[in-house]
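Structure first, then comments.
Chain naming follows the written order as A, B and C, and within any one chain the residues start at number 1.
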Amino acid sequence: MKQKLIGFALMLVGGAATAQSSVTLFGVVDAAISGFINKSTDRAGRTVTVSRHDLRNSGYNTSRLGFRGTEDLGGGWSAGFWLEAPITNDDGATGIANFSRRSTVSLSGDFGEVRLGRDHTPTYWNNSVFDPMGQVGVGANLLNSVGSISPGRDFKASTNYPRASNSIGYFLPPTLGGWYGQLMYSFHENTKYDPGSATPPGLNAAGAPNTGAVATARAGRYVGGRFGYASGPLDVAAAYAQDTTGDSYYAGTTDVTKTANVGASYDFGVLKLFGELARERRVRDYAVTSGASPGIDLDGYLVGFTVPVGPGLIRAAYSQVRYDLHTPALPNPKASKVALGYVHNLSKRTALYATVARISNKNGAALTINGGPAFVTNAGYTPGVATGYDLGIRHSF
Amino acid sequence: MKQKLIGFALMLVGGAATAQSSVTLFGVVDAAISGFINKSTDRAGRTVTVSRHDLRNSGYNTSRLGFRGTEDLGGGWSAGFWLEAPITNDDGATGIANFSRRSTVSLSGDFGEVRLGRDHTPTYWNNSVFDPMGQVGVGANLLNSVGSISPGRDFKASTNYPRASNSIGYFLPPTLGGWYGQLMYSFHENTKYDPGSATPPGLNAAGAPNTGAVATARAGRYVGGRFGYASGPLDVAAAYAQDTTGDSYYAGTTDVTKTANVGASYDFGVLKLFGELARERRVRDYAVTSGASPGIDLDGYLVGFTVPVGPGLIRAAYSQVRYDLHTPALPNPKASKVALGYVHNLSKRTALYATVARISNKNGAALTINGGPAFVTNAGYTPGVATGYDLGIRHSF
Amino acid sequence: MKQKLIGFALMLVGGAATAQSSVTLFGVVDAAISGFINKSTDRAGRTVTVSRHDLRNSGYNTSRLGFRGTEDLGGGWSAGFWLEAPITNDDGATGIANFSRRSTVSLSGDFGEVRLGRDHTPTYWNNSVFDPMGQVGVGANLLNSVGSISPGRDFKASTNYPRASNSIGYFLPPTLGGWYGQLMYSFHENTKYDPGSATPPGLNAAGAPNTGAVATARAGRYVGGRFGYASGPLDVAAAYAQDTTGDSYYAGTTDVTKTANVGASYDFGVLKLFGELARERRVRDYAVTSGASPGIDLDGYLVGFTVPVGPGLIRAAYSQVRYDLHTPALPNPKASKVALGYVHNLSKRTALYATVARISNKNGAALTINGGPAFVTNAGYTPGVATGYDLGIRHSF
């Protein structure tokens, strides 16, 4: 149950309270005892094991604290805000230091909703909604488009995954017979110099004489959308985005990440089935030069299910991801992950849960359990299997 | 409408709720699409244009989140607190990381109010209250006493503008027939060493042997006041402060900024008129030495008006500022700004707004639109006109 | 009185509200004008005085802002959370940046309570509960086990004083006829390498080739407990902990701080008496090598009393502490502190207070008033007496 902070005037009028004057304080405090074991082997078959046991946050739902509210403007219009902070309740180190989970102001009407600020990107949602594990905890799927494939080979394509700042979002109204959708444009907020050529009076971004400096132009911009259909037991959605992850104003080059994914779930009652296909392409709009690293592509999929058992829920997921390094001399890394969990709901707000997960790395991939330690990768050792568990409690308010 | 968090016990007694047990959660989430264009020209008449388009916060009202409350102590006395944080809702990067907007505890009675903590300085208020733009957004007036006049020539006279920490404030009671007023003293919180001469046993601020080190003595102290009269359509106030912006304990020198301003507004009903005069003097209490930079003085004024139009408000302001560099070889920079805006209130809490502003710089001034990029100033270019716009929504709670 | 944020649905049903849906917003805003004077003398009898006058927070109660709540799960079970942030209301610099005061999620039942996250350590409580000054403000006792004895001679034995992160706590139920108690285990969260020897394939903590690097193994772990009995006017409790403050995985050494304290209070009605004995032992589980600094031990005690006077409370405390440097050539530093204060309660929530305190240092100890400046210790000067005062207001909500 969400807690609401009631307007003082309203309280005095009692039952006449309406949604227009409510501010909701909400949050999740989720703590788990978690463990991780990573095994690497060398050519002689010797194994080095890396392990750690922690008290962690966010094993089942991400710990957070937020404030949100709506105001009825009449005529079918409403305004609203949503400020949501991540918190690290295991060590208390992160309070409401930022609202990086969501920070928006909205105007809604028959036309839908326009939302300004920082929010999830359209292309993130399928990775989360169609994962029985919700892309949280040790069981989170592998389809996310950030992280390190192996030491020195990062797949950090975008600062806009899973969220983008400085964005304008548009959402279809909830009156379209099950069809839903959203578009997002995120400002890059880079300064433009005109003229900005490399010869005088060209000047660099700092306004200083341009001595070989490179002014970024559109890096940081995100344009994407997601459309779906949900009716009865079925939910299916597809998303696509172009994300400018780097560019050179003077060299005239642009690096764009093109993300596409499609996911679906179907609830048979005794069992709910989940599936997703995901693809990422790194594109540079000019011929890859000898010195530049080619982009790394990702292809992945997920299948999973949940089974309700009284007040509990069994969750299972399998995800697989392959990376194309575009480097003929190197094998393309790939990894698969299986996750199994049980959630026992003590109430709507409070649940106990247990999750186990296992990642198998091949061809040099060194993917680790979400939050766990790195593999040993030096001295001829090859990363192999990473396993992890969460044993925790989730309390929401 | 402000939201209040009602005491549990009070709720059970229903309508008997009084102010004594209320805690109010309040805030503003303001987002705007903003743009900036700065033009510099060289002696040959060639122009370099710097531009940027952002999603920004605080175009009409400053985005914030706060907690405040009062307790009725009986006998006309009350206690209260006010904790108010700035937030950056465009990118979510700043949550409730600090209460730098206001952080006070108060004791009030017939005598007035004593307030301890961090608060606006008396000399700030006229710059804000008598600006139709409220010194916020692209249209904010030029009379503030911090910022860069031009690259390398900062006018950062004070860390105590617009607020001071570690302060004791006194406010006249609201029972004086329209007269109002406040005094503020801010502790410098510097350590004093006695003896603290430059010879042994003189010691520097760290308690280490004094090898030419200089211990600051009163830098950071602010002493000021503001007095005014508000009755019917008229509001007029004057403020003055001495702010110790730097000093040398061992050299016996002190840098003081003396600020004076006077402002007024008169509401004719169809139009409300605003005006302000502002002056800043940087004083060093000994002869300016050859090596030391002389202080920069500021003189400025503002005129403006607002016109209510149904649920909307037209706002216009013109401000002009001149700096005296006290350097005969250099012309004294000056700048003027014109700002025009319209606010459309959808409700008391929610408004749409549009503002445009234009700054003209002369004699080397390089003042930019509030939040915008810097001018190109190198290679013989002279800063000229800066323009900007805000197109946004303000939602308060 | 604590403020509670009431659930919206509950409000409409009026008096049927129960604890299960409440979230409580609570806090303290405490500000004081404080002063400090430290006097050092050299062999010729010359004195250097260090002084400072501040506006400070937390003179009587520590300033804070928090959110907490409980949910009734039925059958005698309940879940709860507690997120409490320190705030610096004198300068507004610290908002809800972290929940370092407490950040826990709990499950309670007939068996007691299991609490996960960051919380006070068992060994901290006696230092606070049995100090008439609550270990806050200028009068705080000397028995805390962190801080600097003198420049270059820190007594920072533990990052787990007064709180530990990543902990599992267990609390006895409040149904044991006055007996109470708690246990705490704090995860060290260090990564383990197996094999982790100093020779290949030994690898350091970063997974890089081990070139003399030392991987810590159990540093950060805290294991402790506290048990007591409170009935009528009597309250007595003892606590003990072992805290791994440093170790070397490769060298096979471990530094452990062993803390023991016992405190008691007895309320005679017209006067409440307080007392505590405290002991800290730094133990290294191998012979102290020539290069390593031996641990510093602490022995201390406190006696004090409070006397209620109408709406006020007189508070007095004397504490003394001796350090054993285990260095025969050096005298063992010692210090004593006397503190006297008066609290005048304007209401349950609001109080005015005044406190004075005086520390006498001997044998090179340089203990300062809580929050005050350092002594002058250079050039043959010996730290002597430190005095301080708080004159403030505490407002809670």
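By definition in this document, a residue touches a chain if its C-beta (ideal position, glycine included) is under 8 Å from a C-beta of that chain, and two chains touch if they have at least 3 such contacts.
What you see is a predicted model, and the numbers here were worked out from it, not measured in a lab.
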Equivalent interface positions on chain A and chain B, same or different at half: different
Angle, in degrees to the nearest 5, of the Cα rotation that carries chain B onto chain C: 120
Euclidean distance of C-alpha centroids - chain A vs chain B, Å: 38
Per-residue multi-chain contacts in chain C, two or more chains: 5-6, 11, 14, 22, 25, 95-97
List of chain A residues in touch with chain B within their complex: 5-9, 11-12, 14, 21-23, 25, 67, 69, 71, 73, 77, 79-81, 83, 85, 95-105, 107, 116-118, 165-168, 187, 189-195, 200-201, 203, 207-209
Partner chain A, residues of chain B touching it in the complex: 1-6, 11, 14-15, 17, 22, 24-25, 27, 29-31, 33, 42, 46, 48-55, 65, 87-97, 151, 346-347, 349-350, 373-379, 381, 392-393, 395, 397
